[in-house]
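Next come two complexes, and both contain subunit A; in the first it sits with subunit B, in the second with subunit C.
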Partner chain A sequence: MTEEKKEMSDMRFEMTIPCEPKLLLVVRLALAAFAATMDMTVKAIEDIKRAVTEACTNAIQHAYPNTRQGGMVHIACWVEGSNFIVEVSDEGVGMSSPEGLGIMIMRALMDEVEIKVDRGTKVRMVKRIEIRDEE
Partner chain B sequence: MIERIPIELRDDGIAIVSPKGELDLSTAEALREGLRKAISVASVGVIVDLSRVNFMDSVTLGVLLGGMKKAKDKGIEFALASPSEHDRRVISMVRLDSVFKLCDGLEEAIEQMLSSRR
Partner chain C sequence: MAKNRQRKKASQKTHEELPAWHDAEELFMRYRETKDPALREQLILKHSDLVHSLAKRFSGKGEPYEDLVQVAWYGLIKAIDRYNPTMGSKFTSFAVPTILGELKRYFRDRSWDVHVPRRLQELNQKARHLIDELSNKLGRPPTIKELSQELGVSEETVIEALELARYYDLKSLDERANPTSDEEQEKQSLYESAIADELIEYERLMLRYEIEQAMKLLDERERKIVELTFYHGLPQTEIAKQLGISQMHVSRLLRRALEKLKKLLSE
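Moving on, here comes the complex of A and B:
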């Protein structure tokens, strides 16, 4: 790993958004840009964008059923070794049953998906880093 | 983000719905409304032209499934044309490629829809 990539891999990127569907695009753009700095392939970046969208959508739709305006969704991503890790968490009502098309897509696109319910929901996803071929 | 999706009703009774950009929870209602209108005016079928769409999530797939069901209830065809490579892969991963009628291009979708009616 180059020195520059080592420095990037020590970085943690975080953002917190209100439960506003129009901000999903912003989350995707930010995560895609961060993943691109790690030289990940286009395919891997597209997978991460889709999986994170599913996790955030789940939180926006279900985490705060009574007080949507007050609810926040937190997204964090960083690199550990050859793994790109992203966590989507909220402090709302816990995910009752992790089923559905969105969860299926997350599990199909990411290498690991872990869902924890404890004073909210935390979805932890891992994508093995495939480096783009040098041109 | 889209407010209203373009719909074209052809003389042959096929309605083309042409969303653009990234489709997710924020665009679901507009897409649902667009499909509803297209289904109401079409006499042969509805084709959703995805050639200008570069992202679709599960909410969007759910809206498309709902549109397909409404079209079927009306007795007309429903097809998706030109999904992106990434979206096609996701559709296949969740086994919706055996549920949706997928076409590589709009012309192919129109041709197949008309020939199935002959």
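Moving on, here comes the complex of A and C:
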């Protein structure tokens, strides 16, 4: 692992947004920019954006059914070795665990998907960073 | 005996059993009452054939079919949001003119050639071509860095172009009536775009549509397992019981089905 790469792998970013669909755009741009620093392919970045959109949408739609205003969704993302990890969590009480097509889409797009329901829901997703030869 | 019967049942068409395939009018009633976005999604997906058949009518007139479908989806969503089931008319007789209207407007406005941030749109088109080109050349999709080098713009700009140009594209449908200069448009904050969430939603719907299409390519048993797992949230042991196979087998079939879906989605 080169010095630069090692530094990269210590990078982590987190953001907490109110449950609002409009802000998904911000999340998507930030994730894309972060993934780009890992030199991931556009396809992998697209997959991550789509999967995270699904996870966030699930939180937005289901986590806080009893409040008009809605709560917050927390997104954290970092790299461990060759794994790009994204966690999307909420503190909602609603229909907590994602179901149906949403979860299937996440599973189809990412390499690992783990869902923990405790107080709120935490979706942990892993995308492998493909190692390739430098030209 | 019981096992056999279940097995037979499992191999029958399963879509009817899903909540996604209720009668449209009933769905509308429930959607009106609950405003549940999941119901809205089902309604939209349920009418995907309509979208495609109407879009087809306009194909071969110089606009890419893909774009026509997008416009038609847009019309469908509009129709769903405006339709009132208590007014007595059937949804399709309300939706068809709405979608056709949207498609006609698209053709009419297209000739005005008023583009929202054209620079970003052109860049998006270039980038998409380049992605295909480089994918062939490299045997894998390119990275943002590679795209930025080829296009001669910053990585940030590439990211923006890939993410945002699509949104502007549809946004322009609504704004062509009041064209403003490119410069003015450029000044507009990227995050202001109120239509962004609508379009992220659009993308999600497309993904759902793709998944539903991909599901059709699974074999009966794989599809059944995927449905029981994801739609009904059944544990593997329960699915195994229902299908009369071992849980290990269910797990293996599920993995295989997901691999297939993954592959289909990446095509």
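Quick note on the criterion: the second predicted complex is superposed on the first by the 123 of 135 C-alpha atoms of A that agree within 3 Å, B and C clash if a C-alpha of one lies under 4 Å from a C-alpha of the other, contacts with A are read in each partner's own complex, and residues count from 1 in each chain.
Operating definition for what follows: contacts are C-beta pairs under 8 Å (C-beta built on N, C-alpha and C of every residue); 3 or more make two chains touch, one makes a residue touch a chain.
For clarity, every value in this text was computed on a predicted model and none was experimentally measured.
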item: Subunit C versus subunit B on the shared subunit A, clash or fit after superposition; value: clash
item: First, second, both or neither for A:44, with subunit B first and subunit C second; value: second
item: Partner chain(s) touched by A:26 [first = subunit B, second = subunit C, both, neither]; value: second
item: Partner chain in contact with A:36 - subunit B first, subunit C second, else both or neither; value: second
item: A:108 touches, of subunit B and subunit C: first, second, both or neither?; value: both
item: Which superposed partner A:127 touches (first subunit B, second subunit C, both, neither); value: neither
item: Per-residue contact with subunit A, leading partner among subunit C and subunit B; value: C
item: First (subunit B), second (subunit C), both or neither touched by A:61; value: both
item: Part of subunit C, among the options 109-117, 127-135, 145-153 or 199-207, whose backbone runs into subunit B after overlay; value: 199-207
item: Contact residues of subunit A, present in both the subunit B and the subunit C interface; value: 21-22, 24-25, 28, 43, 49-50, 53-54, 57, 61, 100-101, 104-105, 108-109
item: Partner subunit A, residues of subunit B touching it in the complex; value: 1, 22, 24-26, 55, 57-59, 61-62, 86, 90, 93-94
item: Contact footprint of subunit C on subunit A as seen in their complex; value: 20-22, 24-26, 28-29, 32-33, 36, 39-45, 47, 49-50, 53-54, 57, 61, 97, 99-101, 103-105, 107-109, 130, 132
item: Subunit C - residues contacting subunit A, complex; value: 37-38, 131, 140-145, 147, 155-156, 159-160, 162-163, 167, 190-191, 193-194, 196-197, 200-201, 203-204, 207-208, 211, 226, 230-231, 233, 258, 261-262, 265-266
item: Touching residues on subunit A, where the partner in the complex is subunit B; value: 21-22, 24-25, 28, 43, 46, 49-50, 53-54, 57, 60-61, 100-102, 104-105, 108-109
